[in-house]
Amino acid sequence: MTKDADELLKAASAWWSTALIDIRPGEIGIGGYPIQDLIGNLSFPQMVWLMLRGELPAPDRAKLLEAAMVAAVDHGPHAPSIAISRMAVSCGLAINGAMASAINVLDDVHGGAGQQCMELYNAIAAAEDAGAADAVEEELARFVAARGKIIPGFGHRFHPVDPRSGRLLALVESARTTGAVSGRYVRIGTAVERALERRKGSRIPMNIDGATAVIYCELGFAPELGRGLFILSRSVGILAHAWEQTRQGGRIKGPMPPAIAYRYTGPATRRPHTEGLESP
Amino acid sequence: MTKDADELLKAASAWWSTALIDIRPGEIGIGGYPIQDLIGNLSFPQMVWLMLRGELPAPDRAKLLEAAMVAAVDHGPHAPSIAISRMAVSCGLAINGAMASAINVLDDVHGGAGQQCMELYNAIAAAEDAGAADAVEEELARFVAARGKIIPGFGHRFHPVDPRSGRLLALVESARTTGAVSGRYVRIGTAVERALERRKGSRIPMNIDGATAVIYCELGFAPELGRGLFILSRSVGILAHAWEQTRQGGRIKGPMPPAIAYRYTGPATRRPHTEGLESP
Amino acid sequence: MTKDADELLKAASAWWSTALIDIRPGEIGIGGYPIQDLIGNLSFPQMVWLMLRGELPAPDRAKLLEAAMVAAVDHGPHAPSIAISRMAVSCGLAINGAMASAINVLDDVHGGAGQQCMELYNAIAAAEDAGAADAVEEELARFVAARGKIIPGFGHRFHPVDPRSGRLLALVESARTTGAVSGRYVRIGTAVERALERRKGSRIPMNIDGATAVIYCELGFAPELGRGLFILSRSVGILAHAWEQTRQGGRIKGPMPPAIAYRYTGPATRRPHTEGLESP
Amino acid sequence: MTKDADELLKAASAWWSTALIDIRPGEIGIGGYPIQDLIGNLSFPQMVWLMLRGELPAPDRAKLLEAAMVAAVDHGPHAPSIAISRMAVSCGLAINGAMASAINVLDDVHGGAGQQCMELYNAIAAAEDAGAADAVEEELARFVAARGKIIPGFGHRFHPVDPRSGRLLALVESARTTGAVSGRYVRIGTAVERALERRKGSRIPMNIDGATAVIYCELGFAPELGRGLFILSRSVGILAHAWEQTRQGGRIKGPMPPAIAYRYTGPATRRPHTEGLESP
């Protein structure tokens, strides 16, 4: 019986295992580094890198990560995530709750473009490695067949040219000349942009998701972490808008002012038990 | 050492203890009742009651609970919770995620009116029991002093008269005549309504939160559960709108159509490192 | 200019359109029915049906829906959703927040089995309609090839036989004899159970997800709503456990008591800037 | 009528107003700064500062913010937020959903200690300014009377001495000598620590929440933003654990392994309709 207890205890401990953090009374180790050796010595993006990769980055590579994270902090209240953060505050939520409701919606459609673009870039790189004749065209065709015509990372429904992309790509180019990154994914990203222009007959310029995907691929992050890094970045905007709304005040703020009616498209007035019973 | 393991095992088991449900291989007991004896025999509101109170309700009291839960299922997309549910779907979330982001905002301001109104009713009942000269006026004054001029459960920013309140109160009155409820909280609620009319000079009619608060108090629910029951009810609308939006389609649906600009109220264009550095 | 404003206003109104609810001052219509005609006349499951389907159900079909919703309210704190609800309360969240964090995790793996099982049943029904020789075997094989060996709705990691399934199927059978449902999906569900027994060599009995999937398919709900209805049901347990934890008290309740250590599997202690720098 | 439309349009635009971000086709301004001027020039903490304060920080003050944000990224799976992130992944959630359920619980108890500690420090500073005889003792007494005996920011249920606090305070001291901060809140924080030792008879050392509260107060952040900054920081750990769990795999991971039973404390087995009916 006590033997069973011992085994169950081991099971309980194994049920929760991690390589990220080791905690003992008075000691905290992050990936093996005592926390007090990291505080004040690591930049925040370096700490992000250590937590996600298990190793410390080269400083110039961490700088590139930082630039990408700075670029994506906000895109205003037309973004559902930002609007939800503000609406949540007006419903009485504290900042954690507002951030949760907002971050939750950074899903495939609203927060997944970077991840999906990284998957496309990686597929092209893999096809190149496998000796494809025209890796970009082949993988683009495969992507469109599987996922539809919207290519994540290219084009923007508001900006003719995304003001963040060019600046980010210039920083990658600069990092390439110093050897901090290989430049392979800049090449792939711009090749996709050219291929899309050929397909559509007009330029579909790389947007921030396409440019950060270039950076995250150059730095060796997994595509899922592309979404994760975007969330860390956009959380800043979500927090800032929650805070601004807190100071603005306002109660139960719906999407539109009460005076603007929505459109009702359902049945005209009727009575229950005499009208509208569904039949099996 | 094995003794320690045994003790830790007991601690683990005690860490998670519940009177709600007993599970053994092939057996599930809810408050002591085998689940198969409940399925098909209990109404959904009766099951809600059993889970929240530990005992089964008298059938006519469960009917009153059911009426209150039916009344609050939806109030359209001007409600932030409903809008968030629809926005979340357009961001790629499945129904569980959309419901989570939406239910989260049913907080003090958007989802707490019923609970707060129950607290007011209970305070009045307690003051009566303590022999107050004018329990309603005294407690109303205390409430306004502590929480401000908005009395939860009375008045509506859209409906001159809430079409749900009268029907709900008629059902309580009917239950009172059969002895299913005492009627004490109907009396208190209508006394609050009269007191507010005296204070404001015009009628501030009881709304759905005030009427469901009457019912939940008559049935003996704790105020916190007033919020909980409202959430169970409104979850139906949140789910239905998520599902309607799923079928409507649409991507990244912000609060307003893209063509309607929000108002920017910040600083004019400037340059970093030369302008706007905060001084310590 | 004013013409533009008018058009934008129409766009704003169209941006939010719904057939579910029509609200005018003093009037609320649900699918065309004045809300006061529904309160006290509709059961809660009938209201759920109206909101999700747009029409009122036959009473005996609503009873079957009710039985399924009653069956799934809780399965104890080993379920992550229930545990999260309790943990959230111990972190200071009100009931809405605890319910949100919990409902959020009712995703594909923890809350999607019913939906996936309905998809399998529907695929079998469609194959039958298309004249398949052995629709059950063919669709099972296709399902396993696409999604792996776990067949949602069958088998249980804790119960040798799920005590809820038999009772639910008996209610469907009873509804079949009165003509309330066709019985087609009972037949399909039990055929899947037999096929699995042949494949595995031992019985993999239908669990609650398989049985509620039978009911929801018999009643004509879309698979996505299988998940939605499960969430409405399990929300009762999530609320009840949040409330029990509120009364139990406790602060910052992690998954295991503090005295049980988790297992650290990462690097031994090291120093930054001298050890472990990743190389590009 | 068109006049009305115009007014409504203005109302819609005003309903959503912000000083944070100005977006025009091809242009994004953050607090007036073109985004391309910020990318690659601002550190991530400087961007956080700009978004939350509207102005750019002095570099050495941003460094202090960075140290505080680095310090709080993780405290392992005993923290409910971290555990929830991992459990959510095992339920099928993508990273955004796991982060949302986890961040949501960083509420008053689990995520509010820093904010509450800042409120205490600020109250002491205000009492000093008002000429209190012993501001620390008076405000501590007031705090205990209003909120109970646990003083947020001091003591730790696991660490005898928090390894993060001393390092953070050393960095503040260093910043004080260069004039980057005034040092007022270091003085207040250490005075609170001494006062607690006098009250309790043994040392209750400042923990990470107390030390980051010193920093955030020195830098002039509002207490609510103390919670916000903690969330930005802890989000890194929440993301890293979600990602580690994704790679570990595992399905429907509850708080304890299935073999460890929870404790059932409810009624013994009984039958509905004959036993346990509540009486009105």
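Lettered A, B, C and D in written order, each chain numbered from 1.
Following the convention adopted for this analysis, a contact is a pair of C-beta atoms (placed from the backbone, for glycine too) under 8 Å apart; a residue touches a chain by one contact, two chains touch by 3 or more.
Just so it is clear, the structure is predicted and the values come from calculations on it, not from any experiment.
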{"item": "Steps in the shortest chain-to-chain touch route ending at chain D and beginning at chain A", "value": "1"}
{"item": "Taking each chain's C-alpha mean as its centre, the one farthest from chain A", "value": "B"}
{"item": "Separation of chain B from chain D, taking each centre as the mean of its C-alpha atoms, in whole Å", "value": "27"}
{"item": "Intercentroid distance (Cα basis), chain D paired with chain C, Å", "value": "33"}
{"item": "Interface hub residues of chain A, defined as touching at least two other chains", "value": "8-9, 12, 15-21, 23, 34, 38, 42, 76-78, 83, 93, 97, 100-101, 104-108, 111-112, 158, 253, 255-256, 260, 262"}
{"item": "Graph class of chain-chain contacts, one of line, ring, star, complete, other", "value": "complete"}
{"item": "Touching residues (chain side chain A, partner chain B) in the complex", "value": "1-3, 5-6, 8-9, 12, 76-81, 83-84, 87-88, 90-93, 97, 100-102, 104-112, 157-158, 251-256, 258, 262"}
{"item": "Chain D residues touching chain A - in the complex, by the definition given at the top", "value": "8, 11-12, 15-21, 23, 25-28, 30, 34-36, 38-40, 42-45, 47-48, 51-52, 63, 66-67, 69-71, 73-78, 83, 86, 94-97, 99-101, 103-108, 111-112, 158-164, 166-168, 170-171, 222, 224-225, 227-228, 231-232, 235-237, 239-244, 246, 248, 253, 256-257, 259-260"}
{"item": "Residues on chain D engaged by chain B in the complex (per definition of touch)", "value": "9, 12-23, 29, 31-34, 37-38, 41-42, 49, 53-58, 61, 93, 97, 100-101, 104, 179-182, 255-256, 260-273, 275-280"}
